[in-house]
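Below are two complexes that have subunit A in common, paired first with subunit B and then with subunit C.
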Partner chain A sequence: MSLLRPRVVFLAAFLVALSLAAAKAALATFVSANCNYNAPTSSPNMYRDGSVTVALVARYEGYHWGGGCWNDNDVDEGPNEPLQTSSTGGEGGDCSGLTFKVWRESLNTGDGGHYQWGRLRNVHGPYTAADFKAGVGVPNATYPKADAIVMDAFASSTHIGMVYQRGTSGADQIVEAKCEACGTNIFTRTYRSDSSYGGVRRMGWTG
Partner chain B sequence: MRAIRLLCWGVCGLVLGAAAGVAAVAAAGAIAAGPTDRDPASIIDVGHLPPLLRLPGEQATLRFNVFCPSPGKDPFDGEPCDAGGDVFVRAGAAGAFEKIPLRRTDDVAYGRYVAEVPAGLASSPEGFSYYAVLRNETTGASLTVPSAGAAAPQLSLPLERAVVVDLGAHDFGSTRHADARVAEAPWGSAPGQAGLLRGPTFGPIGPSAFDVAANGDVAVLDEVNDRVERWHAGRHAADTPVDVTGGIADMAVEADGSIDVLEPTGDGRTPELRSFAPSGALRSKTPIEDRTWSQLREGPQGPEVQQEPSEQWMPAERGRTWLTRTAQARGGHPGRTLPNGRELVVFRAGTSEARIAELVGDHVQRVWRIVSATPLGEVQLAEPLWNRIVVVIRPYTEAQDEFLVLTLGARGVESSFSVDSADWAETAPLARFRLAGSSLYQLGSTPSGMHVDRFDLEVNR
Partner chain C sequence: MDRLTAPRALTVVAAGLLLAAGCRDHAKPTGRVFVGHVRVAGVGRFRSPPLRACLRRFGELRVTRRTRVVEREGLLGASLTIADPRSPLLYGCDFTPGRRTLCGGAVGEWHAGRLNDPRLDILCTDRARRPLAVAWVVPVPRARAIVVRERRVTEVYPVAGGLPVRIWTRDGVRYERSSAVFDVTQRAADGRTLAHERLHAAVAG
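The block that comes next holds the complex of A and B.
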């Protein structure tokens, strides 16, 4: 009979609910806890140097395969995720997701307009690195590598990175979401001269 | 009545327990989470290609792109910021600087902010030195490049009496075979194998750097397996465990066997350099000054790192003591320090030209101008070999690439040959070649494994 005392019932119910709620809340991912699915806003202009600033926000925020949502606190809040797993809901974009967002593209591959996605908008976009390399989509075109300038990109069948600045050695500083261990940052790379990479240009820059 | 009361107590317990659970996890998450969002006003960065080596009559134009958020807006708005700044220039490497305000232009391709160096300074036979202070005019955030400013300005030197090397169009497919394969390993994690990292959105990444001792012993940084692998006389000799991040890193082995590894990231906002004893024990680590590096080499007084956006070689160590970031910046200079104390400056100009100069102090001693009808990529290596300079550069087209090895002497190219790029797996950007003695070594890879090939250079003393 003592088990049916009100205080015991309350305590038991409290503990059960506490455990279940805590477990459920603890299972929330970065994406489920922070990201949204808001519509993008259309913008008339798109500047190369302004877009570099968009890319800079993603620095230190990590890499997430298939991802496209990050904040701006310089901490990867989904580190050490397994390869090829998007369901873990970690922070950061992957290479093509970062490019899509920085290049302000549309989910509609036939739309060449400029769309501003919020940094906490979880969106990867319709393109793989191989698509970008092939110039798939109205906004994208293949472009001679030797002539690539800031915010053009180099893409292979598996990876894409955007030009930040060419260096005195002839290698380029590239802003890219590279890999889980590498994160998203500016790295010096030699994609320009590597024949497995092609040049890609986002069309329609204002300046 | 009693049952209803018990039910009420139970429901209350469930509701409060659920609320407490969510609150507890939220509180723990808040404590564990990183800092709140960065203040956008603090974001400022720069893109700048310093004209290290200029031909006679070439205009001395300094161009900068300044990256910062537009006034009052989220950085994600993508509008260019209201930037400005000044360049401080002087003739030669001493004296007072003259201030030139940057002019904003519409040309973002090579730098929206421009300063024309006055002809009187640009035509100085000793060149000119400069630094720039760039600002977000709205927020006041600023950035100096090179980072030490007046204490270690950038140097731009005139090229008089350059030896012109005209390569013409590169003949792809006529590559030389190696004289020996001095290291070889299939992909894997067992002893004698080399780690390979692959993922859905990045190409294969193999051992990211290597080095060769004077006796020809090879050390390969197998960062995927946290070790340095060693080969002696063509045979796998030992593995040395090292505590590395596993990212694409550069490596240099000092004469006493100490291992320096330049990591892509660090605990702070800039990458870090780690020093290991020959046993692999971590001695110490230090952050580098700038946000990005392109290569690591051993200088006569310790490791030097080429850093960006300063685009300078900066010393990292003096007498077994790490230099602070400020001290690194104050030691910045345009070229790599050679064992004889001279300096070797590399400047890849335009799309198909490379300029190489040997400096004594701040004066050009010897200079070569390499021009090509085929686009030239990065200069992978530029090293002295007796009184010559060995250069490895990469001609490329949209579909082909090879490495071209040039031995440069007083009259131009003394010998040259091409080697297959053998770049199936990615390495650190400028870590594919090393020169030891009179042999050139190449870190290469195929889908089956990695290798180090030796090419003997026929150079008379």
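The block that comes next holds the complex of A and C.
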């Protein structure tokens, strides 16, 4: 028994380690199980109502820090993720990832063309909310908040949301990927009158 | 095997797992070693052109005499890291080499020595227009230098100012995925390795 015991201990430790590693590998994330890295489709035109449709598909599909992939079943398949952790591969975009995809932008910041990304295409884009707020990149420009209309956006240094419906009493309906607990949805917001927010417009709308 | 005890067995397993995970010997430098320059400054009446550019970029940033600015100049680029004790936000501005052009920036949530995210920026490019990645790394206690290893050069970033260190990489950029990987080693004053990681950062927020 004294000769067998070390062997047994070693084998047990090895099996535990092996099973833990296998379990981790087997725990597929939403992104790893569903999403792709396909090329986008270039489009000559881009309409605000078309982008509204893209945003509405993302609605109810969850929120993921650094994310940009979702399906269309109105279920957040990556709920309760650790806050501000991009590696967990959950469903949904974050605020800037949602905006990038809805605004059909290119990964090339010097390209103002229109690119249709599949909803299961995992893409966030190179911009943060602060970048959008500063109008970084050819497609993006700062814009007077008072004149912002549907599918323009309001951005602070840490968040961006797009106008879904302009309000008349100081608040707008904003479509945004707000936070893990909030998900992606339409909310009533007063970003227009909030001095920490600036107006941003995606340039090149056809209509 | 007959003399193998339980602790030794676990050590063997752990070593095997580490090897399987691809842990490299990070003690060996790669190619040449470049030490970046760092300066910690307050904000006085004179504001340098990079600082003015950064303040224009982040219009809501209000600087006072208590505002700390860490200026860095390195091989791949230069940066400013700005913190004001009244604000929970940390601001970063990234410049092409020689602090010539503001090419990117970042805003992070900085509180009680913790940063919410590395705040990756992939908007800067080198002279050949290849993308560069810039991010913050928080020094561990007693760290005096952050070392980033690339294929051909190892860059040393002195820790300063009590703020996260803004580091650069060219090798580790994954532009299509808006992410980057930095090979980061943190060293104590006597050169000991305090921490080593492959920092995975993604553009977010």
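To be clear about the criterion, the second predicted complex is superposed on the first by the 180 of 207 C-alpha atoms of A that agree within 3 Å, B and C clash if a C-alpha of one lies under 4 Å from a C-alpha of the other, contacts with A are read in each partner's own complex, and residues count from 1 in each chain.
Keep this in mind: a contact is a pair of C-beta atoms (placed from the backbone, for glycine too) under 8 Å apart; a residue touches a chain by one contact, two chains touch by 3 or more.
Please read all numbers here as calculations on a predicted model, not as lab measurements.
Put subunit B and subunit C next to each other and count what each touches on subunit A; the higher total goes to B.
Of the two partner chains, subunit B is the only one touched by A:50; subunit C is not.
In the superposed pair of complexes, A:194 makes contact with subunit B only, with no contact to subunit C.
Once the two complexes are overlaid on the shared chain, A:129 sits against subunit B and subunit C alike. When the two complexes are overlaid on their common chain A, residue A:37 makes contact with subunit C while staying clear of subunit B.
In the superposed model, A:202 makes contact with neither subunit B nor subunit C. By the document's definition of touching, both partners, subunit B and subunit C, reach A:65. Once the two complexes are overlaid on chain A, the subunit A residues touched by subunit B in the first and by subunit C in the second are 6-7, 9-10, 13-14, 17, 21, 65, 83-84, 94-96, 129, 158-159, 195-196, 198.
Contacts from subunit A toward subunit B in the complex involve residues 4, 6-7, 9-26, 28, 33, 43, 45-54, 56-57, 60, 65, 71-75, 77, 83-84, 94-96, 104, 116-119, 129, 144-147, 149-150, 156, 158-159, 164-171, 173, 177-183, 185-190, 192-196, 198-199, 207. Contact residues on subunit B toward subunit A in their complex (touch as defined above): 5-6, 9-22, 24-26, 29, 33-38, 40, 43, 45, 47-50, 52, 65-70, 75-81, 106, 108-110, 112, 197, 199-203, 205, 245-248, 264-265, 269, 291-295, 306, 308-309, 311, 346-348, 351-352, 354, 375-379, 393-394, 396-401, 421, 423, 429-430.
Those residues of subunit C lying in contact with subunit A across their complex are 1-6, 9-10, 12-14, 16-17, 20, 57-60, 89, 91, 104-107, 109, 116-117, 119, 121-123, 175-179, 200, 202-205. Taken in their complex, subunit A has these residues touching subunit C: 3, 6-7, 9-10, 13-14, 17, 21, 37, 65-66, 83-84, 86-87, 94-97, 107, 109, 122-131, 134, 136, 157-159, 195-196, 198.
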